[in-house]
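In the two complexes below, chain A is the common chain; its partner is chain B in one and chain C in the other.
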Partner chain A sequence: MTAIAHSAVSVHRARTLQDALDQLSQAPLQLLAGGTDIMVEANHGGLRGRHFLDISGLGSELGGHSWLPDGALRIGALCTYAQLQADARAQAELPMLMAASRLVGATQIQSRGTYAGNVENGSPAADAAPALLALDAVVELRSLAGTRTVPLAHYYTGYRSTARRSDELISALIVPKPDGGVSCQFFRKVGTRAFQAITKVGLSARIVWQGGQITDARIVATSMAATICRAHHIENALRGLSDIDAAAKSALRRAQDADLRPMDDVRSSADYRAEVFHRLVLQAASETRPS
Partner chain B sequence: MTVSHPHTHLADAVAPQPVSFTLNGDAKTLNVRPFRRLLDVLRTDLALPGTKEGCGEGECGACSVLIDGEPVNACLVPVIQCDGATVVTIEGLASHAALHPVQEAFVAHGGAQCGICTPGMVVTAAWMADNKMNAAAIREKLSGNICRCTGYSAIVNSVAAALGESE
Partner chain C sequence: MPDGNQLSKDHRVGKSIPRPDAKVKVTGALHYVDDLPFEGLYGATVRTKTARGRMTGLRFKDGVDVGVDWREFAVVTANDIPRTSKLDGIDPNQVMLIDRDQPFLVRDEFRHVGEPVCLLAHPDPEVLRRAVDLVEIKTESLPAVLDYRQPPTDAQVQRGEPGPDANLFKRIVVSKGAADEGDDAFSKVFEDAAHIVSGTYETQAQEQCYIEPNGIIARVEVSEADAQGALWPANPWKLIIEGSMQCPYYVHKAITHLFQLPDDGVQIIQAATGGGFGGKEDYPSIISGHAGLLALKTRQPVKLIYDRVEDMAFTTKRHPSRTHLRAALDADGKLLGIDMDVTLDGGAYLTLSPVVLSRGAIHAVGPYRVPHVRVHNRAVLSNTPPHGAFRGFGAPQTVFAFERHLDRCAREVGIDPVELRRRNLIIRGDALAISQRIDEPIELHKWMDEALTAGKYEERRAAHAAFNEAAETSGSPLRRGVGVATFMHGAGFTGSGEDYLASEVMIRAAVGADGLGGVEVCTANTEIGQGAITIFTQIAADALGLPLSAVQIAKPDTDQVPNSGPTVASRTSMVVGHLVARASDDLVRKLESQGTLSDGDLHPNPDDDRASALSDARGRKFEPTALRGALATAAAQDGGALEGWATYQRPPGGKWNDVTYKGIAYGTYAWATYLADVEVDLTTFETRITDFVASQEIGRVLNPLLAEGQIQGGVVQAMGWALLEDTVYKDGRITNPNMTNYVVPTFADVPDVQVLFQESPYAYGPWGAKGIGELPMDGPAPAILNAISAAVGVEIDALPASPERVMRAVLAAQSSEVSS
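Entry: the complex of A and B
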């Protein structure tokens, strides 16, 4: 067997949040919570030479979720997909986040995987993170230096890289009470099948219609760039529209080309992604329109 | 010569630590390398080979076990995360007196064929039954358990029977 120096790898199971923050202040560590991404890499022989900080035992300090007085949802760092889906208010008020949660892997992954882990993992094909971005979620980061917040819209700095400093951990995700209620929320994941699939192309949208026209829009693209991202040109092209006619459709397609240059890769082609994403935008505009 | 298994790199690289958990009702304390997969610890150290390995990457559900009452993939759980937890495997579902109702239903309705996916299917289905879930949810809740033999109908019928309804 290949010899591996024991000093090259270590794992520390944090007993308290203070302990975790102390450890993070001393050296960069690979955070481990639900393990549904990390363990796949580890099982394939990756992640050698890393030092791990297992925070999965900090449920009393970082687990669960709560509703704040202003109607916002606070999702603790260790809150799993299964836990939040069991909340009737989350189902009633945040259907796009619930739709995304339901499609993360399948039952066994949803028991273990966390929203914060999904955000920090930084996959451009993430399920929950794009819904959180379309809901204007904010990332709360803790370190020995204190607590700071970063809008998820500014969290990704590149492919799988985030604004988190190495001495910080995500303590919570804050989802403001969404404008426009539930009827403006749209989530669609296109993959090879409903469950246990990785997104070929996905759209998380909030499109607010008032007085017969679109007054506000959040358009978030999945698997269309190096990170999940807002499509600002599309959002601007949607604002003010009252009818999605042929001219509007071409304007939306031009806006998309300014926002997104999808790739060919093992899961799909650039052309397929661009065409399907455009149609998802049209579907979102149509389905969110009050009848 | 020892052949290096691809799954063992990280698992073997950290020194053993004590890990205590409840396994099928019994208290266990092991001195184990913390990054070993629960799957391997169950099958190798604890001689419980009922939990199967299919894909080793959280896709197939053959290694499904219950941790603190929830179905998880044992291939994605480093054993250190079981410290303080309650683990139930396929071996823990039946009592000495009787099979679990889901096991009875798999027998009665031909829910097993080659048997590799069966323990994971039964564990997930038992979780559904014990939590009184609706038969309408069977296909979604079992979507993380892949079978390559039966085409699923016999499995779904077995689970529906155990839940006391037809799908």
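Entry: the complex of A and C
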């Protein structure tokens, strides 16, 4: 291999899922589906020396989405934001995921980008992955060794690292039918501007109210840690609350400090993230409360 | 000069004629510099990595493993440039602008991150990019100024001596009334005032974000004897520069100096240019020098194009500023005195900072009658890339501070901010802070009221008060506010600037595409998206009474067009457009005097609607068919086509005094009131601009669609500055030089911008037109921040009014309320 070839980009285009799994079993390759995160790096020469497995042609095996008999949604690895947004049932049952999908980049990005890619990319500022996490989604992984599933809640092992082995690819994401109906779903992204923005702080929540008190909660934070993550202390502090009074607010803030230590970066600051996330939690609790 | 506001119906001026350059732009057929057919080498720039130091050496690291073979490269450093020019004895390695402190290539000391040290050329741009990373610059570090607001330590002084003038680029003092008499008299104004209101205001650097990054192609023509051998040719040679730029003759001046060439040894050609906003005023001179050096070294064409990151990280931006303001008012809210202290961050070299400072100083106190004024202005050095020209050119910074301060004053006095403005706006015959008496027929109160009516100011004030009170009660996080800014912008160069420029325009008889006689308009003013080609076409057609199709606009090329000055300072339509009309007159007079046109060709019903007080509408007196015939004859005459010329002539009236900073700073001003309506969400502290009205008096609207676009574009650019755009520096290095993290507004972030024009024709602009390019950059930021401050009940005094900044101000006010 010459020096120049060594530093060039290589792309292997998978013909079938079997071919893709064969390739992955032989060498670690970076998966390329929608390419919307990868192409950004290409602008700055950042792809030099990297090797890709292009699975974008495997639509017949990995594309589309389907509703399972138990009401769960199965999102194929190549299902795009635009495709799922065109599904009326998704719009009706999963408003938080649809709200997140609408805020991914622009129309062009939504037409190319995939949910699985968003999950695997592992950005702490991801748009769709936090909504999926708040919906208790499960990641389905395929390799020559077979299929296994990992709850999204356990999928991230660190900054941009995941539980996927190098011989595996995400074949689907499975979103169980959510408890509590649509009124308990809350999604709010605070970006650097209205659209085409990266999240400075975001909350994806499911807060279930029953008999005047909160009985269950999923609180997922975006851009508040090295990965998107659940805020378990906040979830615990919410459970059992019937009134968001001053004491509850300060308990929630203390819980947040135990869960999340946001950072300063080029887009925002730790103090802003902490303050606004707290306010978003209060807003979510208030807006999900049955009137 | 037009009589009243109405133009006769056959005029092209005043109508939204389509842009002659629209089709090639919309279809993509137009070639920008990177699209031009090119065979040659690619150039790249190796830059310093730290804010200040001394270069001790260069090392070209082995690059075999990444395909870099140094034998294939041309390398240029400062050592290739002689230390004294054979023409004038000055160091050629200095960018000729106002001062000569900035080198093309670092010889020894460097003063900012990204300063050019070494140039590389190679046939393969990809290999070239890898090579840049392999050049190691050995340095010794020196203490850098990373915050322009702090006085420098002795070791940080890089200009002047330690003391009050350390690192000072320029100081300007505007003074009026008691301030002219001395400190005691001026202090007394404040001692006697019913109210003294103080505030401090800050603005940040802003990137121009033109769509097309900077880029230049350089070619050399050398004699056969010089084809090989020494870098610097022994025989006469020529350097040809083509690229993206606003000011071909600025590049010409810089390049003749660097290459020690006579004027005709350098040819500068403007390629189609995808936006400038000031960002391509002076910086293309540096890139041209670099591309030229590589072309000279290799005797081959060299293309040097910046990518977005390089362009954003290292080329010029708007000057950051800090302003302390103290106002003295009487019990009724009448301004008695203004004491203002403005500091601009010039960056590492002087570049254009003195003139940016000057424009800021002159616009600082706005269209208000203030008897006693002192505005102390300083531009200082810091170790960042130099800040430079950007639409507004110093005025947006001081207008922001002043207009923000008026709202604070109004709250202190206890009257509505609009009422405070109404009590202080000038009327005809009043003088500005620079003692320039405004004798043109202004009606600022009426014009302001028209803007307020269009923006439903009174209704909104009342509705927002009720809305905010209800929100407070219900716990809703939304707050609403409306804010206003009233301001002016002087068009053309400041003071005596236009006299020094002595711009010239030439109009040549030509044969059009239809085979009939017409004209070619030759100016050095560039089409950069603003519509210069369209406006010049309209003006020449109207001055001559010819159809639009009879007018062609020459490509700006210093071998072909006279120096009509730079495309900056809102001067193209007003100053150069006026010269186009006068050169048209000259051409017709020459046709008459040489007998090509005769009395028999006179129009039976001549239209003598003159373009200005200095033009005679000669062409409009002739029958168009006869005129076109005469032009066709004159185009084909022996010795070259007949040319009409015009040279800048200062309008009658007073002069400007550069020492006292008093007098006629600008021949005229455009006057404006802008209104912003906002909603702030106290959950996220985000601001949404819900409505915006931009109302201005601009003399004459030459092309309504272009003028509206110019205003809307400027307003949106200013909205970005007001709310979103921020340059983040760490150790003198910008950390967000990309469109992902340097956030400009999209359509979703801005409301529809309602544009209103008033017309009070200016006697020395073409058909009364004043310049409008920069005006819309001045007013939006203070109007928006006034609205936010009204909405949240806390003064927001720095830009951008990001959610983070609004949050801190609101929380700080809440905690001080709790503690007090």
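Just so we're on the same page, the second predicted complex is superposed on the first by the 284 of 291 C-alpha atoms of A that agree within 3 Å, B and C clash if a C-alpha of one lies under 4 Å from a C-alpha of the other, contacts with A are read in each partner's own complex, and residues count from 1 in each chain.
Heads up, the rule we're going with is that a residue touches a chain if its C-beta (ideal position, glycine included) is under 8 Å from a C-beta of that chain, and two chains touch if they have at least 3 such contacts.
This structure is a prediction, so every number in the text was calculated from the model and none was measured.
Of the two partner chains, chain C is the only one that A:Q283 touches; chain B does not reach it. Contact with neither chain B nor chain C is seen for A:A88 once the two complexes are overlaid on the shared chain. In the superposition on chain A, A:R112 makes contact with chain B only, while chain C stays out of contact range.
Of the two partner chains placed by superposition, chain B and chain C are both touched by A:Q196.
Residue contacts after overlaying the shared chain place A:T36 against chain B, while chain C stays out of touching range. Of the two partner chains placed around the shared chain by superposition, chain B is the only one that A:L47 touches, whereas chain C remains out of contact. Once the two complexes are overlaid on the shared chain, A:Y272 sits against chain C while remaining clear of chain B. Across the two superposed structures, the residue set of chain A contacted by chain B and also by chain C is 2, 4, 6, 40, 43-45, 48, 194-196. Those residues of chain C whose C-beta lies close enough to touch chain A in the complex are 64-67, 126, 129-130, 307-309, 477, 682-686, 724, 728, 735-736, 740-741, 743, 745-746, 748-749, 803-804, 807-808, 811.
The residues of chain B lying in touch with chain A in their complex are 2, 4, 6-15, 34-35, 37, 56-59, 61, 64, 67, 70-73, 75-78, 80-81, 83-84, 124, 140-146. Listing the residues of chain A that touch chain C in their complex gives 2-4, 6-7, 40, 43-45, 48, 188, 190, 192-198, 200, 266-269, 271-272, 275-276, 279-280, 283.
Across the complex, chain A meets chain B through its residues 1-2, 4, 6, 8-11, 13, 32, 35-36, 39-40, 42-48, 52, 54, 56-57, 82, 102, 105-109, 111-112, 194-196.
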